[in-house]
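Chain lettering (A, B and C) follows the sequence in which the chains are written, and residue indices restart at 1 in each chain.
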């Protein structure tokens, strides 16, 4: 079905008059045949057929006016039904289209009783559970500003809110070291995490005798460390327990599509957490190489902003620490603390044997993760590490 | 003498006829709503693009104007990809992003049509300059217009080409109207080639409707440019068959002049040189069929993808 | 950004840093050439191109008549056919003459050709209030270029940044407007001896701080650093000075991260207040750091007037150190 349209006759001209038809309904026409003559303010124009067929119907008789590009007749095969077709290439103006906004609008946070408060003040009030209606603002026009909220929190609770510290005592040859950028960022982040994330902790002992043997046997370059196997095992466990591979928001959980494992790296002045991107898609030697790169970069002070870690591993194994309780790195929902591996005497079937073991501690955000889910994850992780050959069988393939 | 070369004549005629039919097709497609915006047909001026481009080597550059379909086709542009571009399809020479006034094919040395009058001249100077710095044997042809001749860039750029001895051929297509302003109202000197003389540039005029005259002139100019005698200015006098753009009926063009130049239709003039009339008819049939196929190609081609476009260009 | 190590650096003038960058890139890539009014024989009005003619010859260092539109147009034509021109327009005020070639040609060619070719040219120019050069030679026009899609825009504030960013700009495949400041050419700074590339689109924290983020560029950086020193010494306010260095593409992430940390922000620009870059940065901060603002975004900018000749009036039209100090104190309710 081909529409015959009132021709485009010029800018600002919206109508044309059909002067005469040179064919009648029922005539067969070829592409390019002249069908009619139309007139606009300025001149006369021929209307030609865009394709071949039978002129089925004339909608605009001679002498009548029509809008530019409206259908004035139809060409098709006898028996076809005439349905209006939109003209290709003539789109609705783009600004009529509702282009999805690329940033989701923030929900407005109303203040109570009409008190103007800065966004910072409102945020802090939420975090410290301070009632804004009871505060007098010291900003211009009575605006409640952040320090007003902090002072109120201090007065209300009688205890020291974490944001406002008790001043340290400086005397004699004490050296004052103001927070550098990194220290300040860590302080704020860890305070926030400790204060607002409900942590719970699970411990599990893992037998790494086979893992250590495999590691030495593989002898890759750079050499595989136990950390690489832990990363590989963690990545696979996260794929099996996707709720542990998530970010936690105030009202939602974001299940992350990528598996990017952060490694806590001690650097000058603090810690940085570079991410091993797509850790589930790399072989063990690749993970070792990535780990070295990440550590070198972190020590040089360069940590890529993207991708952000979806799960963090922190290890004090090198310092002989048996086990420790880590603080979750928000907005992640969990963190794994790795203790030292060493020979232990354990009981197997009633006999004492010596095995190489280590203790893992998993901290989870109870807003998003429950005990059973966390425990199941830890169990899988233990399974991967205690049958390390499976890590190679599944080398580089995500599950 | 070129008149006796049937192969050359056939080649030239194919291009002339191709441009003519292409422009007529574009007007039709515009009326049908498939082409939007501005369309400046090259009807009546075909001999200039045809004759000049036939004299070029594969390495040479051309810079075009807003009335650029003829230059693009004469430089080897394909009907189908050009129609696709002019109808905004993804398969067009510029992915549907340029349209009629910006059509370009840098891979064949066509640096593009330009919607700003006179803007292409300094760009052509730059292309010739780059070639000179690199020590290459190539020339740059800048097509411009009588309208551009009164624009600042005309004199500036011609002067730069002159002081740097660039291998640049400036072809002034004098169709005697800048939009609707006749040449004698916009310049005291209507023979525009005289402007080049002021800058010390070799300048001459040629009959823009005689494709063989244009071809011979351009061939000689190119030879001289490659020998380091550049730049050169050629004024080609001609006339439009219609108004400035597709919606301009050109009622300001005196009827007797229109008739005079239509009587010297470049296609007719070329055909007269051709001994074999049947060969000319054969060429026409082939070109007609190619254009039909090109219309189908354009209609069947997809629109460019909006997300991919935003991803690439929204920075 | 790591500090320039004293032993592996030397003190260079801003203009000599630019000169080094040009020399290095022209030696490295024979498609790079310089073109502009008075840049070859004379080595440029600010001596930025000094010595290039002698070292690289007249085909790579080209003097032109005063024909700005065509000089820039020639750069466009050369760039789309395989060269990497560095075209100098002596005053940013004169770029207004070339706007068709910059805006309608250079910025749009890549799109109009459907990506067939890009325009790898650098347009070097300088602006800003100097010493009484008056209305037509004192403008800060980055707002115009900021607004044109298809252009990148760089405004370095130190010799080190200038050198390393010019290298990046030359190597970039898209047109870059490299906007220098007339009062910065003779300023000094430490520049590493070895070659350095600073990617476009990466901001630099010139001074880390806790209480307020101070965003500034070009000649407003020295002024902002002076303000920061005074604020620390006299008012106990610890200001973080952030230099975007590249305005297009803008390092939004660095800006938002800093503001989220300090929760107070002042933006300083020499350019006129109405419609400038600062207003756009403020809108970005408002959108992306809304919940972390303890005060409205402060903008200190040039007055909405052409620059007068008289010295006191001239200075009254652009931000001074005291204006910046006052704005920071307002922002932190001090």
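Just a few scattered comments:
Everything that follows uses one rule, which is that contacts are C-beta pairs under 8 Å (C-beta built on N, C-alpha and C of every residue); 3 or more make two chains touch, one makes a residue touch a chain.
Quick caveat: nothing in here was measured; it's all calculated off a predicted structure.
Taking the mean of each chain's C-alpha atoms, the chain closest to the overall C-alpha centroid is C. Among the chain pairings, B-C comes first (most C-beta pairs in contact). Computed from the mean C-alpha positions, the centre of chain A lies at a distance of 33 Å from the centre of chain C. A straight line joining the Cα centres of chain A and chain B is 52 Å long. Centroid to centroid, with C-alpha atoms defining each point, chain B and chain C lie 41 Å apart. Looking at the complex, you find that chain B touches chain A at residues 28, 30-36, 87-88, 247, 249, 251, 292, 299. By the touch rule above, chain B contacts chain C in their complex via residues 61, 63, 85, 92-98, 102, 104-107, 111-112, 114-116, 119, 121-134, 152-153, 156-157, 159-160, 163-164, 312-315. Of all residues in chain A, only 103, 106, 109, 118-123, 138-139, 145-147, 179-181, 184-185, 188, 301, 305 touch chain C in the complex they form. Residues 5, 7-11, 13, 31, 42-43, 45, 47-48, 50, 69, 87-90 of chain A touch chain B in their complex. Touching chain B in their complex are the following residues of chain C: 31, 33, 59-60, 62, 64-65, 67, 69-83, 85, 100-101, 104-105, 108-109, 111-117, 149, 249.
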